[in-house]
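In this document, chain identifiers A, B and C correspond to the written order of the chains, with residue numbering beginning at 1 in each.
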């Protein structure tokens, strides 16, 4: 299994190189860190030249990519131009931590609520609860993340306080002074982040449980005289875990995509905010750092899912 | 998903098995054998299955009403799209201005309808382009396999490792003032699922008897793909285009919301939300209206897409 | 024909209907059967004849949309409408089932040993370590080599024949009075089929369990059953001893089945398939269910269904022309069909 993991990580390297190449070339085509100097009359030629040298802007994009790869391989993520030209790592890790404060609880809640809703509506197919979760899922899938975020802001930061004078949640910004503050500021962004994924996740779990409900071995288990509780627990839940692992790992990646939007809506200072600001500021090294980190997280999640898959399903072999 | 069928084993057993689309060859065969009673065509069967979905009918009705309003609404309004009237600015909904006015005094109803037009147009172009890209790569990878399959698989895999939005963020601003370029850029990150679906089906179809027969008869790959494989993919592609329209509207509006998509003077539902998000405390209706329109469009598209999927592939419908 | 203390299961007028969008689908339309202790009854019919559905109905293993009516007495216990808890104590303990496809009937994520011992533990008759020891003994009994190692293996590590043996081991784990084997050999290679049937026969000799063997393969019936019950369209069409039904088939459908089966003694003879297909449960003919396909059909067959009537002791037939069909020419009576009983 260890050898398999190592091999999988090695095969991920070309994928990472390809995707960073595409993003790097694309970004270097449309952005130039010197743009913001051009409009400013006070900037002299020397500042201009300094940035040209800092980013090797006199070289071809492909060459610059090669230099960037060489730097990253040595642990140097480059310079964050719009953050006072500090090394990228000085802003990056903080922001990654902030994003984790958002995506971590979101992942846990998404997994639990999705599993409960999916299993419930499968076991009670065509019940009120089933129709209810189906309806919620339809709306979840139809609402863009940013709009749901704005909607929550309107309801919890405007209408509810206007009606009751009580404002339960922060509708903007990250507040870490106390755990209560954190909870109050993280609630709405987390809700925004998981709504859409929750819809897809619970539908998936519902479908796989429905599938298993009519499996031959579930009928065998009943025919053996097992209690309904044990039939569901040992022969439906246990087997439903196998496909679920795959969707959970996909969710982990999607949460980072969703964070790009949610962080903008709620002014949460994480990676999403960082990369969008960096795009506007032509801060190429920052853009690349965020891209790489998200890609690495996705690759690791996929690997984790594959390894879990092997633990859950004795038919899977690593060779 | 929410079909009203009681999914009993018996109902499943009596469902007609899914047959490949009738190719011209079998039509000729039927004629030769003198089958007097023409069997119900697969398209007809699919339509009958589609019609049974109440939600799909609601979806179609809703979508057509919205599209009709987008097209006709501005024509009947006394206001022009860009017509500013600073004296009337920042109004709430009223008889004269059903959706109110914006800070420049522009009629928000007209703005929303025109925005809807462009959003739908971008989404349609995106969906068609993405499906076309997916069709080309998917069918080539599936049909020829080998190096080509590996290459396409590699690119798909790579695209799946980062959020598509990230690539859009980079290029979105560059093409934001050109509707068609914007649609194409969104399509470039949206073709992955179409390609996988097509590849899987082509892999299966190319081993089927009628393709082997065509190959034995000396048909070349182009002829086999266009004459024998494509007709069998229409259903899948139709479903995919439908669902992609929904996905594209979300992507476009999200991009516009981030300030990186469609740029003024282009008006889309997404940048209406973006432009007015700052005024959410004072005039929430200006955010809620375009947002609700987006949601309704996608809701109706998803209803239609689900029903189409069930209609095209009754077996899959039965499983969920 | 049996004294009542010997009677194990008595099914009377059992009907099963499914609620579907197109109305009620009557899969089983009033069947009756009796099984005595230690006896083997074969239930024969094409797919859709209601044979599996009626057996699943006995143990209430059908989906919730099924409506079960009639009577099924296991000893003194009425199985139809039995409460869930009592039903559980019957499943796997007094009546055990052997399913068609041993590949899908085992849960792929648990070891074979665990799935057998689970059956024992479910009825609280042994501790888990004791149950696992029993599982090893059971595997040995059904002829699985190296059972002590095999209990720790997963179903996918077993061959098809071994898996079906394990399935049998699981079924007899609690020494049930009645085994219901639903097409136990259909999913297996022909060479393995005979072995599995032998195992079943030996096991029954050892445990004295009665068996209901569901099959569409008359060849399987000849060597494994005492009596046969032929089903069509959810009804019993003919029943009697294996000898009666095979050598003096009275029902046109039974005759059709026999004529469509390959026989050892008539090499070169033509097989005659029954024309047409079985009726849909949603669209049963008004008259006799078999009438659209029947070569002996008369007008009356299209108008009203026939009743089951006794021809001679223990041989019943459902046909308007009962007793009036021409005798079969030679072949059907000349030897046993199939190849399983000439060993």
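FYI, a residue touches a chain if its C-beta (ideal position, glycine included) is under 8 Å from a C-beta of that chain, and two chains touch if they have at least 3 such contacts.
All values reported here derive from a predicted model rather than from experimental measurement.
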item: Chain whose average C-alpha position is farthest from subunit A's own; value: C
item: A-B or A-C - the one linked by more C-beta pairs in contact; value: A-B
item: Centroid distance [mean C-alpha coordinates] between subunit C and subunit B, Å; value: 51
item: Inter-chain centre distance, subunit A versus subunit C - centres from mean C-alpha coordinates, in Å; value: 54
item: Centre-to-centre distance between subunit B and subunit A (centres being mean Cα positions), rounded to whole Å; value: 24
item: Multi-chain contact sites of subunit A, meaning residues that touch two or more partners; value: 214
item: Contacts with two or more other chains, residues of subunit C listed in rising order; value: 63
item: Sequence positions of subunit B contacting 2 or more other chains; value: 9
item: Of subunit C, residues touching subunit A in the complex; value: 59, 61, 63, 84, 88-93, 96-97, 99, 101, 104-110, 118-119, 122-123, 154, 156, 170
item: Subunit A residues within the subunit C interface of the complex; value: 214-217, 219-228, 230, 234-235, 238-239, 242, 312-315
item: Interfacial residue positions of subunit B with respect to subunit A in the complex; value: 1-2, 9, 154-155, 157-167, 169-171, 173-174, 246, 250, 253-254, 257-260, 273, 277, 280-281, 284, 287-288, 291, 294-296, 298-299, 302-303, 319-320
item: Subunit A - residues contacting subunit B, complex; value: 14-16, 18-19, 22-23, 26-27, 30, 131, 134, 138-139, 141-147, 150-151, 153-154, 157-158, 203, 207, 210-211, 214, 253-254, 256-257, 260-261, 264-265, 275-276, 279-280, 287, 290-291, 294-295, 298-299
